[in-house]
Each structure stands twice: as structure tokens, then as C-alpha cells.
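What follows is a set of structures to go through.
Two complexes follow with subunit A in common, the first pairing it with subunit B and the second with subunit C.
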Partner chain A sequence: MTAATLERGLTALKEHIDAPVAAFFSSCVHCGLCAEACLFYTETGDPKYAPIRKLEPLRRQWRREYTLVGRLGALLGLIKPLTDDELAEWAHLIYDSCTMCGRCTLVCPVGNDLTYMIRKLREGMAASGHARKGLVEAAKKTIKLGSPMGVQLPALNAQIRRVEAEVGLPIPVDVAGVDYMVILSSMEVIQFPEIIGALARIFDRAGVTWTIPSSGFEATNVGIQIGSRDIAEEIVRRVVEAAEKLRVKYVISPECGHAYVALRWEGPNLLGRPYRFEVIHLMELLAKLRAEGRLPLAGKHDQRVTFHDPCQIIRRGGIDQEPRDLLNEITEDFAEMPDAGIWNWCCGGGGGVSAVDEAEHLRTKVFSRKMCQLDEVHPEQLVTACANCRNIIEEGLEAYNKDIEVIGLTELVAEYLAPDETAPAEGGDGS
Partner chain B sequence: MSHGRAGAPELKDSLGATPDALADVLRRRGVSRRAFLNYCSLLGALMALPPALVPRLAHALEGARRPSVIWLSFQECTGCTESLTRSHAPSVEDLIFQSISLDYHHTLQAASGAAAEAAREHAMKENAGKYLVVVDGSIPLANPGYSTIAGISNKDMLLDTARGAAAILAVGTCASYGGLPKADPNPTGAVAVADLITGKPVINIPGCPPIPVVITGVVAHFLAFGLPGLDDLGRPLAFFGERIHDRCYRRPFYDRGLFAHGFDDDGARKGWCLYKVGCKGPVAFNACATVKWNAGVSFPIEAGHPCLGCSQPDFWDGGDFYQTLAIPTENVAGLAMGAMAVGAGAGAAVSALNTAKRKTAKKAHETVTIENLEKPKEKAET
Partner chain C sequence: MTSDPAMDLLMWARGPGFQIATVVLLFGIVLRIVEILALGRARDLAPPKASPAQSGLRTVFSRFLPRHGMAMRSPVIHIGGYLFHAGFFIVLLFFGPHIQLFEEGFGIGWPGLPSPLIEAVTVISMVALVAVLIARVRDPVRKLLSTFEDYAVWVVTFLPFLTGFMAVNKLGLPYTWMMALHVLSVELLMVVLPFTKLTHAVTFLFARYYNGWVNGRKGAAT
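Coming up: the complex of A and B.
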């Protein structure tokens, strides 16, 4: 079969409803707290955006197929089967208004992992042909060309050459046997290539051996976003194969939220085996280098800055203190936004929403939540650790006419590397 | 909370059977007006009345004619009367209570035999439709001979006396809910007052015994404002609106998980929460923790003993007094085992079915590729 059908979608849902999903639906107490945790609800006030409601098709399929009452109801025609029209209607709730940011999961008093269920529901949506067009296109490009934005090796090479000329350091490509393999999100390659230079300078200073692979350098995983294990597995396999071929000890998950989740948490489950390397987030690595005294920093950033915690890194990854320690060391005026840390609000574009054209209007609307947070601290610059957040926030600030510069934490750290006295060739390039 | 203000004036007048107003009686007994107003304020505070109503209470009580009261004692231990009369005498509330026209009371009246019954009948006739009936004790229905007064069964006496009453006060847990006589296996077939009376207001003032000031407080409310607001068990909300537990001075220990586990352990000596030695405070509605006993000296928990929950229906049958509330009082082990076996069987069957279904779905899985992410063109258009 070469086309998506409702039948396939329903089968996929049946396949993906597991014991946790059954337990979650059974234990929901209908308290509605998840609504208040979701920026799509708080910023619109529309109850249809309550997270648990977005899961209605999954709940119905579970009741019909796996509960006694539901099966009886189905027999009597009281619980109708899901239809294509309903799924098409729900696509707005499942793809456009959920970034899988995990805030509802965190707030749920009975511990229901709503994000986990959205991820499963998207499996059914993708298999039944209700995935958003933007994501389908991104998936096609990733599978065919290697990256959702169509970035291929020549483009990466061009950027690498530019950066090499800029920082005066070699960027190692395909060097086997090094400690760390760096992968990048195409957003970084295209929009924020300065991250590559920043990494080169930090690693050079810290004496870290590293490389970028010529294949499997793409960190983002549209399979996770669109909701397809099969596609996600193929994408993650490229990275794993590259890492194992180059025999690296660590793969560094870059400044990208869902890439981290895809590689660190979903990857081994998708492949069905443990990796032969470790996954470490760039923030964790920087904190580790600093703790080992390999990251000498000097000088203080004099702008007023704040830090936006990317959802996947703070809530799914627990990386909380690392960026704050770094910022406290290199900035003079670091102010926390309200709800900073584990309760931070999503930028509004994660989980694939940034790739969905239909979501653009809503995404801009709900950015008002971030604006409220920013209005409490009035920063001159916003620092974050996710290229997608960075891009979305830049767009949002523009839409709201706010003059705040958005920068990546790694680049900021690279700027405040202490000048290296032992290597005169480098000169005062470090600041 | 309704204080039943409507209709109060007529009641006040209608109960004015005996000529002396309360204020005159009190003055004659040497109770100063200041002491009387103090008492009214205290009563108002106890009943959580708005301060503005205190003058009204004083005015109403001052002008109240001594109502005729007929006190009936059935299957009881006289503890309720003891509580009232032998409390911290002489107190204002005692005087108030003595200052009603208590026309008939087994224990307290001097007359006996035919003369006593004649007093009751006289009071009923003189004050028809206006007198108050106070009942302590439960009524046996299994055999009328179990408890009789002057050859009249308790049931007949209650129904006969209640017929012309303005209202009935069931004082004590026996009268309110059957109490000790009704405890399992209830050999006398005891029932509560409210089980027999229809068409008349019945106010339950439970407790074994009830707090004296609660009895007088309810009477005062009745005289001043009419029927007080009642909970679903017929108790005045002003005194029975809160759980002992919620007002207990040992509550902070409960909240911090600090418990006495026996009566001579460290926790008991430190005055920690008595929940684990059987305190029924969490389920008992009464005013003990706030009003206390013996002129506000203490109450059982303060004396180191768990609350028995004596103001609750069937408190005698609530299991061991010293067993924590968390332990079920019925033998649930057998039932639980059976239910578990059935549940486990059904669960295993359902889960086997569900697992099979999920496996089938897994087998039916067709790999999602970029080729089949979209619906076929013509179908998508329809």
C-alpha cells in the first residue's frame, strides 16, 4: 500500500495504546489544571485548547477498543468510530496548538504524561494522512536530502570554510577516534553558523578532540514531530551509524530541544538497542569542562540578559543549573523571568509547530505569554540554548515590535573565553 | 446559616405562658444586667451570630416569658440532666435554664406518682400548642413494657405530649440517634425521637452528654429567633457545624505527622495527636474543642484521651474506641479476598484480550514512509 488511510491510522492508534496510556486515561480526574498550564489555552482563553481535550481521539479509540464499557458502547452504536473528518478537524489541535513542551505533564496532579500521549496520537495522525503539510514536506526533505531544510553537505562545507576563515581554527570533519562528535540542526547551519565557530574556539581552548560527520550531521528529527516511529528511526540511525563508524565516545546534542529528546530518550528505543557512545547535551558538556577547570572565562558581559529555558532541555532533560552557572559567571546583570526554570513557558514553536504553516497565526498570538515574561525583567538580550526557540523568539519579538537581541548561550560563552597566554598566535581574538 | 428569624416574635409571645419575664426572674436571683448582657454576648459569639444581633438577643431574652417545659426521660442514664445541673454551678446558663418553667421532670420534680402526671397534663392543657418538650433517652419499640412511666409506655407518652408542643428538643445522643440502648444488637428495639415524630420541629442536641451551654444556647436561640439552622442530622449548625479535628489544638501535630502511639509513650507525654490511639475527632461534629467543658477548663483530648465521637449516630458501634479510624470496622478481609480473586481473573482475561488485540495491530503495521504520508489525491478531494 502506498497511501495513508483511516484504517492504517486506527491500527496505529491501537498499536500505540499501551499500559501507561490506559492508566493515564483511567486516572484523569478532569480537574482541568492542564488547561492553565498550556499557553495555547491561557493566551486564547479557548477551552478547546485544553491539553487533555486534544487527546480526545486517542481516548475514544482506547475506550472503544480496550475497555469493557467502551466495547459494549461500540456494539450498541453509542461510541462511534473515529472518522476522517474528525481527525482532520483535530489536526489543528494535535499539530498546530501543541508543542509537546511538557508543561501539562508537569502540572498534572495524577502524573499523567500528556506529552507522551500526544506523541502517540500523532502516530495515528501520520498513518492516516492527517499530518500537516509542512511536516510532510520536511519529512520528505529529510529522508531524501538529509535535512528538513534541504541542507546538504556542500552547504555545510561552505559554512565550515567560512567559519574557519573567520576564527582561524580548523573545523575537523570525519576524524575518526576523537572524543566528541558534533551534530547540528539545519537551523544552525543556515541561520546561526556562528555556533560552529564558537564550538571551535571553546574546544580548542579546552583541549577537546572533536569532529563533525559528513553524513548524519543533521540533529533534528522530523519523525518525532510528525509522529512516526519508522521515519524517526531512520533519521536517528543515520546519526548513530556515523558516530559508531567514527568510534567517538560522545555525541553532543546541539542547541536544539527536540533533537536532544530524539537522540537521548527515543533513539535507543527506536533502534531497540543501547548506543555504543554516550549522548551529552552541549550545556552539560560546557558545565563539565568548567567544573574540570578546562574552560577559563574572563570578562563580564555588561548587557542586561535573561535566559529562556528550552522546554525539552529543562523539562525532559533536567538541565537547569548548568546554563545559569555559566551565565552568572560571564554576565553582570542576569535577571530571571517569572516562571523561569522548570516552569518556563514554551516559545510556541517547538514540537514541529514552527514547520506548520497553518499554525503561524496562532503561534504569533500565543507569543504574548513570552512577552509578559519579558516585560517583567526588561532585558536587552535574551539568551537561550535552542536554535528553534531562538528563531521563533526572534520572529515573535519582531511581530510584537520589541527590540531585544536573541543570542545562543554557547556563542556568549565563547566570547568570554579567557585570552590564551600560552598560544601567542591567536592574539586577542578571544573577545 | 439560617437563624430562623422569621416567626420569632410570635413564638416569644406564644411561649409566654407564665407571667414572669426572664429579666425579672434573673434580677430577683441577683443576676446583674451587666452579667446578663455578658452572657448574651458569649452566647452570640458561640453561635457565631453577627455582633449586631446581640442586643436583639438580649432584648428577646429579657422580654421572654418563662416558657413551659416538659422534660421526658426515657431509656437514658440521667447523664444529660447531670451534665446540665451539676456543671459549674451556679452559672448564668444554669439560672437561665432553671428560669424556664420546668413543669415536669422526673429527676428534679418533688411530686411523684399521680401528682406528677397531673402536673404534666395540667401543663399540656394550660399551654397547648406553646410548650417545649425536652426528651432525653431513646424509645423502645420491641416491647412497650421495657420502659414505662406511671404505666404509660414511652412511645405513648412521647406521642401524647408532643401533640401540643411548639417544638421538641432531643437532648443527648440516645434521644437524638438512639444512643447506647440502640447499640448492636439493640435488644429493646430502641429508636430516636425523630423516628417517631412527624410534623413538628425536632432539634437534636447530641452528645453523651451534650455540653451544657449548647443546650442553653439552643434554648436561647429558640426563644430569641426561632428554630436555628440545622445540619442534615438535625443538629444546630452553630454548635455542630465543625469537626472536633478541625478545631483541635493538637491538629498541628496531625498535620506534621506527629502521633501518640500509646498512652504512655513519648508522643503521649509530648501531647501529640491521638489519631492513632483511636481519636474520632476527624468524624465528630461538636463544639468540645472550642467551648470545652466545666466552664471552659478542658475537654477529653486536652485531658489526653481520644474523642469517642459521642455526638455522632451509632458511635457505640463504630469499632474499638482505641482503634484508629484508618482501620475498617467491618470484617472486610474475606470479602476483599473474594473480590480480589474475581478482579484478578477478570483483569487477566481482559488484559489477555487487549494484549492480543494490540499484537494484531502491531502485525498489521505497515511501515510509514515519506511515500505514504499523504492520502491518495482523488480521495483527499472528496
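Coming up: the complex of A and C.
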């Protein structure tokens, strides 16, 4: 990577300003409604967290470079260029207090996609050296070691062996020509390895051929979060190369919100070409298997559960009904939180915020929003479909002394797979 | 030649003044649209889940309605905003004398609304504008976001209503003066529109379309 300088940052901003950005800034009427949608404002009451205000550096760069009035103003010295100090000051607003959750984008009356612009502004911040240290470190680790948490193949192998012993099924690694390639987030490998076993059982039951690649298995993409095209591209490339080498038909985006955005929506644009495989989110795959009758489920979970929609999957990914259909099928007492679905509130740790030390205090504070939602339904368990949400919610619940178990949807589904009548008896419960 | 300065001013405002304002308005709007479109955008290579263009068009219309929970959180902005926008177009398009101007200009006219109704709408619009102004200075977010431009634009938007109302009701200055001021205030609005946040009157179409396009292709709600 070339050294970060103010000049590079300003150039990056210039390059990332496109017609939508210009339309958005041209249209803003300062109505302040975006703030009402942002948990960093609603939970703190501090107006500095108004989404449109977070974008001020990008707006100034647009005005100065791409409007006639701004250019004239700049020529006359009336409109000053952005300075390093200003960008440094803005880091808190751009990295610590925005999870790129996309809620503001849904409410703006003139139609501004503020989240789209935050993503772009972060490019300028990273290029000018104002990205948060936690993210920079994670990026360095990913580039060097392959994972933001430093999870390498031996660690994955160890988990795979443990899981194989546990579920009694083989976990295929580097098997070419199968239909599906599974990638994982480091968080899952380290914190929630149960997911691997759950996948093995589901795929075994559904007759799905699959594999995990020995390189390019990391799904998370810190490049998207920090705002660096180059890093994002490198990380996506590893997955794409693995998938194309193994000639799989699909790559399954795991229970990780921004990994989906990175691979499904940004990836082809980062590489500058379409993939030779399709990307399918795990929720979409489960729904598909269910529809094809390949996912026989039996029994009902008797705990009171609710579902937390991960922002990147619902609002920036359009996956809404799939998890609900599954939950309705396997649970007796599924209660929706207020604002569930496309209006769900962020856990507070998305968009890289969970990797930013400076944000920790604020992140815990704004978790109060999730607490309000939970207090309406009093679930015994919270189900979600993103390892990062899961981790953040666990931390939040602990900070607020709330005893609710957090579980991943895929694992829950695996628990309620109908016993296989064609297979030799295993002594499963149920029938 | 008359020797009545009020009449001279009114004639100027209706003649050359209006022509200048129209040219600036049109030039400005074209400029702002070109500023947007010239930037272009990259082709999106990710296979879409749904038709982006359809979603873009849908969003242009769907954002006319209040969004989930927002009206409760900012009632004044919503009620005031709707009343004012509706009032503006009703008065502009359905006041008899305005229709006459359109008829002279474009050769097409349409039936107007009774004057008392127009006056009521004018008063409601002004009250709505005052309400959103108060909501602007009292709300910490809007106050922080507001710059000189926001307040200047408010004045420029308010003046045509006020001068029109005063002229029709023979308040303040003599009628001709008031009429001249009314026409000039409208021209001021026309001139500043493309260069301030009032541009949203046109660019909101692009903003909403792009928003719907970007998110709709992901199959996400917009």
C-alpha cells in the first residue's frame, strides 16, 4: 500500500463522487429526519450524529470540485479545501458512530442514500490516513495472514477435526467439482464453530455436495469496512480464486452481514468482472432447499424466540422472509420485535464498529435501542444470522445484565432436522 | 411612458424582470442536472436480484409518503411540510390571475379555485412555513444542520405568499407597489432556486431514482 496522505485522500474522494452522490447532496433540505432513523442519534440525543452531518467532508469536496458555484468560490478563495485536522476530527463520526446500517437511507424524504455515501467517504478517510487503528490492524492482518483475527489454516483444521468428531460426519476440504463452497468468518471459526457442524448435518441431509477451501476461506472483508478498494479487492480475489479453482457452482455467503455485501454486491465490481459461479446467502440456500423438499424438519423449539435482522442482510441485501419462514416452521413461540424486518435497529457493531476501540463505549450505550426492542417481547432466546451481530448482542446483553441466549439460525435449523428414516438408526430423538 | 414609479416597476418586473428570472431558472436547472449527470456512474457487474430501474421509479413515488415511524418522531416537519408543499402548488396553479398568466404564456388555461379558498390555503401555507421554521430553530439536529442558506431560503419562499396575500387584500403599500413586490419576490425565488437547496424541487427525482436503483437491484426494500 502506498503511504496515506491528505492528497491521496482528497483524490480518493474525488474519484468516488459519482452522479448519485451529486444528486443526493444537491437535494438535501436539512430536514433532519435521517437523524431520527440513526441509533447513534436516538440513543444519545447528540445532534452531531445526524447522518447527513457525518458526510460533511464528502459534501465539501463535491461542492468544491463538481459544482460551478463551488469552483468559483474555490477560485476566489472563499471555499477552503479540506484539511488533515478536519478529517481527523471527523473520524469519530465516520468510523465510531456509523455501522452502515442503512436505516437513514430508508427515511430520507428526498431519497438520499446516505449509507452509500458513508462507504465512499471512508475511502477518502483511509487513503488520507484517518482510518481507525483497529481497522487498520485488522486490514494488515488480513492481507498478511488471511484473516482479521489472525485465524489461519491450522486453526481452522483443528476446529474441523473437533467438529468431525462431534457430529460424526466428514467435513470436506478442497474437494473440486462440488456444487457449493462454504466460506466462514473468523468470528465463526473461533467463537461459534458449531456452525460448521450444523452445515455438515444440513448438507448431509439435503444431499448437497460441498467443500471448504484451504485458502480463501475467510469471508469477512475489512476492506469494505475501512473503506479501501484495494484491500477489499484483494480479499474478494482470494475467495473468487479458490471458488474458480475448485470449479464450484455456488459460494455460500455465511452468517455474516457485510461479508455478503462484499462478495455478492461489491466483489464483481472490485474485480471488474462477473464471477464464474453464483453467490448465495446461507439463508437463501436454506429457503431453497426447503422449497425443494430437501430440508425435512421435525419437532418444535419450545423456547420463546425473536429474530434480529442483520442490517446488511435485510436492508442492504433484501433477505427478509427466508429466516422467518424457517423460524415459523421450527419454533412454537416466535415473537417479532417492534420494527422487525426492514426497519430493524442495528446491534451497534456493524460496519467495522466492532473492531474500533474508540467506539466501544458508544457502542454499548446505543445498545439501549436493542434493549427497548427486546423489552417489548421478552424472549428467552434471540436468533440471528450474523456472527458479528451475535457477538455484539451477547456483549450488549451482558453489559445490560440481561439473560437472553443468542443463537445462530442455521444451528437452530440443524437441531430440528427430521430424523433420516432411510439411514440406519442413530437413536435420534423425536420419532 | 407613465410617470408612476410603481407602475414602471411592475411593468419591468412583468416584462424584462420575468424574462431574466426565467432564463436564470432554466439555465440553472440545466446546469445542476448536467453537474449530476456528467459525473456518471460505474456499470454494476453484480447480477441484480430485481429490476433496478423499476425499483428506481417506484422509489420516486413511494417517498412521497411518510416513512415508518417518522411522522410520529417529527410531526411538525411532516404536517407542515405536506401543507406547505401542497399549498404552494395549489396557489401557484389554481389562483385565477395565475392561470391567466399561464394562459397568456402557454396558451392553455384551466378552471381555478374560488378566491376565498385560495386565500385560506395561502394563510395555511404561511402558518405551516412558520411552524417548520420554529421546528428548525428548536430542534437540536435541524439547528445544527442549518446554515445561513436555510434561513435565507425560508425568507425567499415565504415572501411570495406574504406579498401576494397583502396585494390581494390591499394591505400595506398601495396595490401597484404590492403587486410589483409580489412579482419580484417570485422572480427572486426563481433565481435562487437552482443555486440553493431549493434545487431539490428537481433533483429529488434523481436522488430517489438512484436510491431505488442502488438498493432495489439487491432485492432490498427502498
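Just so it is clear, the second predicted complex is superposed on the first by the 423 of 431 C-alpha atoms of A that agree within 3 Å, B and C clash if a C-alpha of one lies under 4 Å from a C-alpha of the other, contacts with A are read in each partner's own complex, and residues count from 1 in each chain.
Simple rule for what comes next: a contact is a pair of C-beta atoms (placed from the backbone, for glycine too) under 8 Å apart; a residue touches a chain by one contact, two chains touch by 3 or more.
A quick note: this is a predicted structure, and the numbers were derived from the prediction, not measured.
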Overlay on subunit A: subunit C relative to subunit B, clash or fit: clash
Touched partner set for A:12, first subunit B, second subunit C, both or neither: first
Contacts of A:68 with subunit B and subunit C, given as first, second, both or neither: both
Partner contacting more residues of subunit A (subunit B vs subunit C): C
Which superposed partner A:342 touches (first subunit B, second subunit C, both, neither): second
Touching partner for A:361 - first (subunit B), second (subunit C), both, neither: neither
Partner chain(s) touched by A:161 [first = subunit B, second = subunit C, both, neither]: neither
Which superposed partner A:378 touches (first subunit B, second subunit C, both, neither): neither
Clash-bearing segment of subunit B relative to subunit C, given 7-15, 277-285 or 367-375: 277-285
Residues on subunit A lying within both footprints (that of subunit B and that of subunit C): 17-18, 66, 68
Contact footprint of subunit B on subunit A as seen in their complex: 1-5, 8, 11-12, 14-15, 17-18, 65-66, 68, 126-127, 129, 131, 136, 139-140, 143-144, 226, 228-231
Residues on subunit C engaged by subunit A in the complex (per definition of touch): 31-32, 35-42, 44-47, 49-50, 59-60, 63, 67-70, 73-74, 77, 81, 136, 139-147, 150, 195, 197, 199-200, 203-204, 206-212, 214-215, 218-222
Subunit B - residues contacting subunit A, complex: 350, 354, 357-358, 360-362, 364-376, 379-380
Touching residues (chain side subunit A, partner subunit C) in the complex: 17-24, 26-33, 35-37, 41, 45, 47-48, 50, 52-53, 66-69, 102, 105-113, 116, 264-269, 272-274, 278, 314-320, 339, 342-343
